[in-house]
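Across the two complexes that follow, subunit A remains constant while its partner is subunit B and subsequently subunit C.
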Partner chain A sequence: MTVDVKMAWRNIWRNPRRSILTMTAIAFATLLLVFMLSFQFGSYDTMINSAVKIHTGHLQVQAGGYQDKKRMRLAVPDPGAIGTILEATPDIEAYTYRANAFSLVSSKERTYGIVVIGIDPAREASVSALKKVIRHGSYLSSTDTNQALIGELLAKNLRVGLGDQLVVLGQGRDGSVAATVVEVKGIFNSGQDEFDRSSIHIPLSHFQEVYAMRGGVHEVVALGKSLGAIPAIKKTVAGVIEIKDAKQPLVVLDWMDLMPGLVEGIQLDLISGLILYFILIVVVAFSILNTFLMSVFERTKEFGVLMVIGTAPGRLTKVLLLESLTMTAVGIVVGIIAGILITWYFQVHGIVISGTSEVVRQFGIPERMFPRLSFLSITIGPTLVLFITFLTALYPALKVRRLQPVEALASV
Partner chain B sequence: MHLQLGWRNIWRNPRRTSVIMIAVIIGVWSMIFMGAFHRGMMNQMVENGIATLTGHIQVHQAGYRNDPAIENSMAEPEVVQTTLESRLPPGTRWTARIRVGAIASNARHSGGVTLVGIDPAREARISFIGQAVTQGRYLGPDDEHGILVGKALADKFETKLGRKLVLMSQDSDREIGSKAFRIVGIFRAEMEATEKQFAFVTLRAAQHMLKVENGISEVSIVMPNRHEVELVAEDLRDALPPSTYEVHSWRELLPLVNAYLSLFDTFIFIWFLVVFIAMGFGIVNTTLMAVFERIREFGLLKALGMKPWWIVRGVLTESFLLLVMGTAAGNILSFLSVFALSGSGIDLSSFAAGAEFAGISRVIYPAIHPKDVVMANLVVFILGLLVSVYPAAKAARFTPVEALAHT
Partner chain C sequence: MTKKLLIAFCLALFIIAGLCGSGKAEDAQALVQASFDYYRGKASTATVDMTIHRPDWERVVTIRAWTKGQEESLFWITAPPKDEGNSTLKKGREMWIYNPKVNRVIKLPPSMMSQSWMGSDFSNNDLAKSDSLIKDYSHSLTGTETHEGKKVYLIQSIPKLEAPVVWGMQKLKIREDHIFLSQAFFDEDLKLVKIMTAHDIQMLGGKLFPRAWRMQKAEAWDEYTELTYNELDFKEDLPENLFTLTNLKNPRR
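So, the complex of A and B:
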């Protein structure tokens, strides 16, 4: 065995230039894949986190059917009880209550139909980014009643500023008319136009009073300690809730149920990325196939000699495979190291792709993007490269088995 | 002579030449095909955007874009209309609309929509709605009470054809104007968001509801092709007083799509480069091999008095031939595959929600764009020849004595 390894190693260095070029090609492909996959995974993380922080949280408890229909009466009747359950569940970072109602909101000059969201100011701040994106005025305090936070775009459309009054007109949970007057206390800009254009936030207690919610809410929103912990949390919470309340079915939805578009968008992006990478590796494979082939053909005579002195064809194949695998391995290792170093640099400093800000902002990605190294992003690419190069190397390695010693000796 | 020599040289080792040529072919194919795929995606994004009530050019009352309320509608659309009639090039179509945010409600639901008052006959020739009605019928010219809603909206509101829908919006007196409509048609659109957003009534009905005499919110103009849009927009800007009217081209109206478009060229160029680097290694290695095999030959030629420059030219000719054949086959292959997919397209329906999220169509039709093809070929050609200079220079630098001694 050791002799075989030594032979393979020396064979590689019989033509250093060629071997180095081949290994560089492999390293290049590996590096690129490590970087690109880290970059993609990093942007998915940012997308998920910002969507989770602004809209949905990691997990929500809702009345069954509310997610699709958004009907006022599909409420969680006793949010406190759910809160107690969440308190007892491990890995929950924070949770809050929300209630939503589509209503007419009028300023002195303008009227728009938007969603009024009731929030628990103290709890909301620990779950969502709302408090951090207030640009003018201030966030709601726990003693506020008829105060409101409003998106910057909506404020512009309604032509209101801080301290202006808004008349809210909607329908309560029981079908009664819900009306109130609120004062603009803060103006926020989350960067996501749709969100900044379509909602105002008022204190939950005031919301419940105005919309006759009888203490109910529409969403109990929870944030887990990490994305990975969510499936376990979901299972635990769902188990407890089912036993507790059989009459009024409540459902537990995780961020994937809440944002199917985001999940599929990520899948689509990942798959189209993988197709590109696959094509790229195939191009690399053909690029290096020649090196592998040549290293066999220029040594035909040598193989003839080896066979004549009794080397089994299987052993020749083994040595050849060792040779190409060693080159691949060196290329991959160099590629991974270089890939990690480059990715790590950008992970610390971030990448600004000029001209993208407008595009990425809508997906909730900040202008400066950070790739993120992870076990998967480091291993997927190299595994693909290894697999395809191995297939490439098989062809010449198996070809050598068909050599006839006499003919081989006669070749030049 | 050179060509012939080069040609014969590359076929001295058919297997090696075939392998590297396959690499070039796959490379070129992937460049052009993926380019066409993404270009198709972009085109559809632009076309969708334009067909979804944007048009190529829009004219608004000054201030409407910042504050799209009915108060900012054009009070005397005749002025604009006469200008358009006289200024627009033949073949251009235009229509007037009212567009306001409104609240739709029925017994069970209420939600925000964009109410669009249209001139049914003119609108049908301009935006998607003319062909989009799948149930019921399109609006007639005197449909005072008819309304068209999207399938997704109808589902959300749990309603269907023939049912009533009440629309409310702020009228020109800043009061809430409301009017009951009957659903006469249900339309489908490429994006679910479009189906949820828009509700169409006749221009007259909208004007009654919002208490505007002849007022309109916007004029949308569609040209026979996109090239002259900026010129025509500029011409209209000159003709219409800027204090009263604003003229915008689709690039300004769809800033997100426009940003995508400008990003796209960079993206595709990077993809070309990356693929090229992948095959560049192969080209260099193969050419190097071909050169080193022939050291003795080059030595002999030099000993006979061949100039180094001739050897460089010879090696470059071989690469050139290789690249010509590879790119030609790659081009043909990519044209064929794009052609094969141009009928059915590439179906992304299994990722419908994802496609919607990314703002792309459910079925992608690859579109070959001459610019992309030229760029792909240029990248391969120029860089291919450039990297071949290294082995060529190597070949030219062998001294005859050294080379002849080489075995």
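So, the complex of A and C:
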């Protein structure tokens, strides 16, 4: 055994330049994979967290069917009770109540059909970024009644500014006509055009009065301490709520249920990324195959000699595999270490992506991205490289077994 | 041999049916127009109870309505008290709504036309484009049946090319005395979306008229909106100045 290892090691350094080039190729592929995967995972976290922060939250409790139909009457009748449950649930950072109604909103000049959202000003500020994205005027206070926050694009469309009045006309929970006049108190720009174009926010208490909500809300929105804790929270809350209220079902939805578009976007990006990495690995594999094959061909005579003096073909295969595995291992270890170092640097300092496009802005991705090292992002790439290089090395290693000693001796 | 005869017979039947069909196209058109004129009259005033029914919930709104020809209507809610004074004016294909609480008239933007009217199963378009059936569709007779001893014409209405319509097809049932029995709305894929049916035909405003009209969505049969006429008067004419924005705010009783 030790003789085999020694032979393999010596064989590697017989042609140091070639071996180092091969190992560098492997190391570089590994480095790239570690960095890119960490970067992708990191950007998904950023995307999800910023999308979640804009509006949806990590998790919502709603009346069954509300997510699909958005009907006024599908309300959570006793939001306070859900609040108590959420208080008792570990890993919940903050929660708030919201009610929504599709309504006509009309300025002096124009009318649009948009969503009026009733929010609890104090709680909302701890869950969503709404307070932070106010660009003009100020955020709602707990004593406000018929004051409203309006998206910048909608304000432009309606041609209103701070202090202007808006007539809101919709339908209450009981089917009656809901009407109110609100004054623009703040104008926000979240960066998500759809959100800035299609909603106004008014205090929840005023909303409940105007839309005859009888104390009900449509969404109880919660923010978890981390993305990873969400499945557990969802399970806990769902367990409590389903037992508590069997007659009028309430459901717990996580960010994946609430933003299926975002999930699809991430999956698409991940898959296209993986295809690219696969192609990269195949290219690297071919160059490695070339090296391995050359090292076998140029040693045909030597193998012939070894076989003639009684070396079993299996042992030759073993030595060749040891040789290639050692090179791969060195390459991968160097690649992982370099990859971690580079990724870690950017994880601390961030990568500035200037000129973010419209598509990226839709999901509210910030300009500075942070890759995130994780066990998965460090291991997926190297495992793939190891697997494919091993397959590549198998071919020359097995080819040796079919050598005829006499013919091999005759070759140059 | 019998097979051939059968085919020949079928062919003959097909041709005759085709001939009848094309010959009756004009008739179908006239029939729809006559029926439309019959139920709209030249002008009318009415009091209608609108019942919005949902499986777990029901709501009745009383509406005072004025109509003139095909173009103009004014609706004014008189009950429940909470909603009293809300009104809708339709002139041509434009609609305005008024709410007394905020004392504002709002013209409905085009994007809102497919939304429901006052929370019912009628859309704003159903009101605003009520004359669309005559203007934008070509009608053909597809069959007949009987209803209370009278002949009923089954009519299929297909939108004319490039007509600005919401529906892919409509199917009408019109009785020989021009009473509208039903109107079914189909989408572009010719899937049934909703259907309006007339019930309880009796003497109203001096002529036979269905007292109740029910609109229901195809996907939810336990959800419907029913209009029941409490009062109906057909008039020769109504003053033009009735259908104005001023009257929308403060209609005469």
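Here is the rule we go by: the second predicted complex is superposed on the first by the 405 of 412 C-alpha atoms of A that agree within 3 Å, B and C clash if a C-alpha of one lies under 4 Å from a C-alpha of the other, contacts with A are read in each partner's own complex, and residues count from 1 in each chain.
Quick note on the criterion: a contact is a pair of C-beta atoms (placed from the backbone, for glycine too) under 8 Å apart; a residue touches a chain by one contact, two chains touch by 3 or more.
No experiment lies behind these values; they were computed from the predicted model shown.
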item: Combined model on subunit A where subunit B meets subunit C, clash or fit; value: clash
item: First (subunit B), second (subunit C), both or neither touched by A:L268; value: first
item: Subunit B or subunit C, by number of subunit A residues touched; value: B
item: Partner chain(s) touched by A:L104 [first = subunit B, second = subunit C, both, neither]; value: both
item: Contacts of A:G113 with subunit B and subunit C, given as first, second, both or neither; value: both
item: First, second, both or neither for A:T317, with subunit B first and subunit C second; value: neither
item: Which superposed partner A:N189 touches (first subunit B, second subunit C, both, neither); value: neither
item: Touched partner set for A:V177, first subunit B, second subunit C, both or neither; value: second
item: Partner chain in contact with A:L21 - subunit B first, subunit C second, else both or neither; value: first
item: Contacts of A:T300 with subunit B and subunit C, given as first, second, both or neither; value: neither
item: Residues of subunit A contacting subunit B in one complex and subunit C in the other; value: 102, 104, 106, 110-113, 171
item: Residues of subunit C defined as touching subunit A within the complex; value: 52, 54, 57, 59, 77, 80, 82-83, 86, 97, 99, 101-102, 104, 106-109, 111-112, 115, 118-119
item: Subunit A to subunit C touching residues, read off their complex; value: 73, 102, 104, 106, 110-113, 167, 169, 171, 174-177, 179-181
item: Interfacial residue positions of subunit B with respect to subunit A in the complex; value: 15-16, 19-20, 22-23, 26-27, 30, 34, 66-69, 101-103, 108-112, 168-170, 174, 176, 255-256, 259-260, 262-263, 266, 271, 274-275, 277-286, 288-289, 293, 348, 351-358
item: Of subunit A, residues touching subunit B in the complex; value: 17-18, 21-22, 24-25, 28-29, 32, 71, 102, 104, 106, 109-114, 156-157, 159, 171, 198, 260-269, 276, 279-280, 282-284, 286-291, 293-294, 298, 353, 355-356, 358-359, 362
